[in-house]
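Letters A, B, C and D name the chains as they come in the text, with residue numbers starting at 1 for each one.
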């Protein structure tokens, strides 16, 4: 990973600011001959699109992706795929205060300190809007995975929002896309809605926990020691705006376990496959996939742009009181779900190519 | 990061297996003219060295570092620094079972599946012994940071071990190096000792949580979007053996907070500096350091090599019962403390160089 | 360098096909606060633009660059700069033959063999049109160099075309931009024009040699062993379409020299500076700049798309006779001049940032 | 490529100084399961070893390679392979003058200017001795290529030395290893010997041209645009000490050709393969291999360390007269032959892995 690029062989570079003319992603190293078009990618973008409910920012963006290169007659050519999303909802407004003031908890001040200049319009480069580009790139990754790892399925969902949590016993995958929270538990949707609406009316925001699971990932992907699958996933998730913690499998809870509890015991299955009796490891051992579901969880902090006044300073060194105006998600964690799925798709595909490069994709036999 | 290398400009490549002739680290991109010698680095290695108490493996390794290149007349030359540690405690023994069986929770099986071959002696490349090389490289990073960021101080310590935890109200930095757990709370040392001894006698192991704090880090380090300071720290910590979760600042707990609680409000200090009234962010906003302490926490799972029998399979595809023999840490988290300090030193230095490259190290003014 | 990206810290990724909707360059790692706008970059693009004389392809492209990101209020922000050039001259035509046939000396066949698919319209990704994106990125590099290395001046020109060559005794820098060949020798312009016109009328093409010189480059730039300034320059020039050889200083002729002839002897200048009595080295020793002019020379093969029939094969495995139709440069070397200047600007700036990262830009003293 | 590392997936990092305790190469990303041992690698090192004839430096170095990691029971494990060569001939001597003076044409002065410190003993890091590490790494690459590209054969040889050249009509591959010049023309060995002996007695040195050819390389290797096979080969060769020019196929001579002459016409062969009627391209079109022999040529300047006095300056800023003492190759080009073969082996293997990663190694069909 470097500056605005991630990936070893499937390399994604994102560019663009929240209120500039456009933003996008350059996808380099894509395998050739893969069917993909704008409509396929648009499905993923539509899931992340703001303005779809009261739960997310009311900014209206069509988020229409255009493929400018790298796809010919409906198939990838192996050359860079440029995915551009034009910004359409650039309301002209007075940026007077936000141009000078730093919002607490926001990257305003650190961009200013580092670069001495920042595009303050809508957060500029540090805006969560950048994640639209990741989702577009993730759409390409999903198209490739469909061809190279047909059994793979990546599913993201929220597991907590503020003090609320799902009941895993009611886990229902079909429910995820039916509610505005991407939660797999129909029974709590109304409760979460009321809770978030109260937060919003209170001019506040709240954090969330998201889980992403990849089922059907082949074993043997990942590359010790510093390109471990879990290391790359941690970096990928932590690079998403507002993420403050990342867990694999048991995650932080592993610290409380004993070795006997944590061991994922194994038995040979009837079909000559290894059967794991548990998955504390979250599908990764020594940085390499076991073939069990890859389980990643991460925490998103509450939106830092809130309508409640907070103490801060401005660029001239004055103490000020900041009140964010305008359209903001009361819980940015919600829209992080499709972003996390996109990041996982990119990371897994990247490791699939990396593994194919080094080992030819051949697996050591058991039995 | 790639395979066995991490870092953008301060690049560390580690090599070597647990029971091969030697292991080490190649440090490339080191600034020239920095005073460093074997004795300086050895201090860090001695903290990580096994066999120092009942709390860690009884394997006896001197872990003597030799500088083979890149240092001339006591100063770095800007060329690659080769740090070699010879393995001295290579007991010859029968590896019969361990060569064929896969320990649950261990990388044995994934290395086998990926590569079709593995150096099974002592875990080979996946052994925690690899971290000695990181600590040596971290020693070089510390020497450079002493010159380039003189106010910086990196401190690691355990905060939980299994069900035990420190009382932060009794935090005593001086205590950390006085007890075998690297804990900053003298009052619980005996309790932790008894607890771990019981675990050990019970042929079991236990997880732990480690916290590493960097005080005095300059603001402006870190590089959006995919080389964020927190993203790189997450990758670095997750690459340490047995780590299953990484947190920055509030970490996973941020998911429960509201925006008003989580905001780190600011005021101008008397000296023209920005004063943060809290540090929920853990010293990083938008991937860039604020100047506040960088706070990283991570969970280490219990050692997977335990003396209690577990169900598993072998390379021929038989169901077996695995019992690890020999010398193993009942809590690998303990020795992860100096490793985590080393990783943090390397990552911060790397970003200091990266920032100096792009911006010249000049900071945007406030006031 | 990787796939479609070059540079260590000043990283340029180009994308786009000859006849797609657009092409461009993503410039990442640019220092912040540098004044630059579309007009500044356009000047460089206009020099490379086709259709300006009979000497180059008659394809009419405005080659208008748009800055889509990374520049705010006329200055770089340190975030990725997206430079897009829309393709306007996409004549609809029948690609029947060129879609199936492979032109000798062209990348048609290798793209087909590698990827199994290729955008055959105008050469697709392998078209020299890709170099427009490099020139745009080079414009950004020139803007940065103006700020960070104000004494630096990069000058490219042709030295031979087919059997013609300039007389270095008549070298006149001002002449370079006055003639369509970028040659510094006014006396041969007519002769070269007649020669190339004859080549063109003969349905043929011809090769050329280009030289690029960077005067005023600071000493100390370059990074042994595998990121040597000359190594990076060689890669950069060789990556330009149709280049078959690259020389530094004496170049291939160094093979004939003796050590006494080749030594660039030194004396202390009156001002405490080292004065070199010759520059066989072309400004680079051990991969690091000396402060003398950096001299790079490279050969461009004749355009492979010619109007004279050649034996070839098609995708179905038939022997065919290929005759390229349409608009092609009789000497692609001409337009390689601004491309080479752009590449040199990018490489030198990249090394300036890299050096600043590692050493802080401090130089070892002499005297 | 970065600092002391080259390669995308097959990554070689070299380390060590001429007169330090040891030097070596870390080979990362090697495919697993490949048979290789010290004896196999030693064969390549022995060809490069100094002190074998009057034609090369009389320094006596056994250049014994030790494999410290990454090989288990005679096969590669996919983890980093550490190849160490201990320096045995470290004569203690007075470095007084060479420590202060800068040899014309040598990296002494640029290392001093860049780093402010240099290991002056034997040239330190800039010594041609670093190339021993490349040859060791090349040995590993050759072992892998033997398995993955069994028909591939890489052959290097000198084609000119000063004013002497071989007669290609007498090309005899078997002769190359029989004479101390690695020349394929038995008829000129004595003449070259006398010529070089006269140069040496005259306290002088001389340049050379080396050609390396890879026959049997599969088509489709190489990755546009900035990781072209020719671009990577150019960088690799230019990184070898004293190299000043690199050519592919026709090289610099391509500048004089016309398009009709330069076209490598094609016909379908009886076996369904494409047959090229010439190979002006040197086996590479658009940065991708054609399947024809890859032909690379490069020029090595005369050794800059000569026994004839030259004007120079010292670190205190005095004008001095430098006379190099001791053991130096009168033509460093000779020992560049095995080095160039090693570099080519590494680059080709790297691209083979890269291609396998992106495309799966599947080729587009013709016919």
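Methods note: a contact is a pair of C-beta atoms (placed from the backbone, for glycine too) under 8 Å apart; a residue touches a chain by one contact, two chains touch by 3 or more.
As the structure is a prediction and not an experimental result, all values here were calculated from the model.
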item: Chains touching both subunit A and subunit D, listed by label; value: B, C
item: Chain at maximum distance from subunit C, centres defined as averaged CA atoms; value: B
item: Numbering shared by both copies at the subunit C-subunit B contact, with half separating same from different; value: same
item: Inter-centroid spacing, subunit D versus subunit C (mean Cα positions, whole Å); value: 26
item: Gap in Å, rounded to a whole number, between the CA centres of subunit C and subunit B; value: 45
item: Distance between the centres, which are taken as Cα means, of subunit C and subunit A, whole angstrom; value: 38
item: Of all residues in subunit A, the ones touching two or more other chains; value: 2-5, 14, 29, 32, 78-79, 114-117, 125, 224, 359
item: Contacting residues of subunit A [partner subunit C, same complex]; value: 2-5, 11, 13-17, 20-24, 26, 28-29, 32-33, 66, 68-70, 72-73, 75-82, 84, 114-119, 124-125
item: Touching residues on subunit A, where the partner in the complex is subunit D; value: 9, 29-32, 78-79, 224, 353-354, 356-361
item: Subunit B residues within the subunit A interface of the complex; value: 1-6, 8, 14, 102, 104-107, 109-117, 125-126, 130, 160-163, 199, 204-209, 219-228, 230-239, 241, 243-268, 272, 274, 277, 280-282, 284-290, 299-304, 306, 308, 310-313, 315-319, 333, 355, 359, 362-367
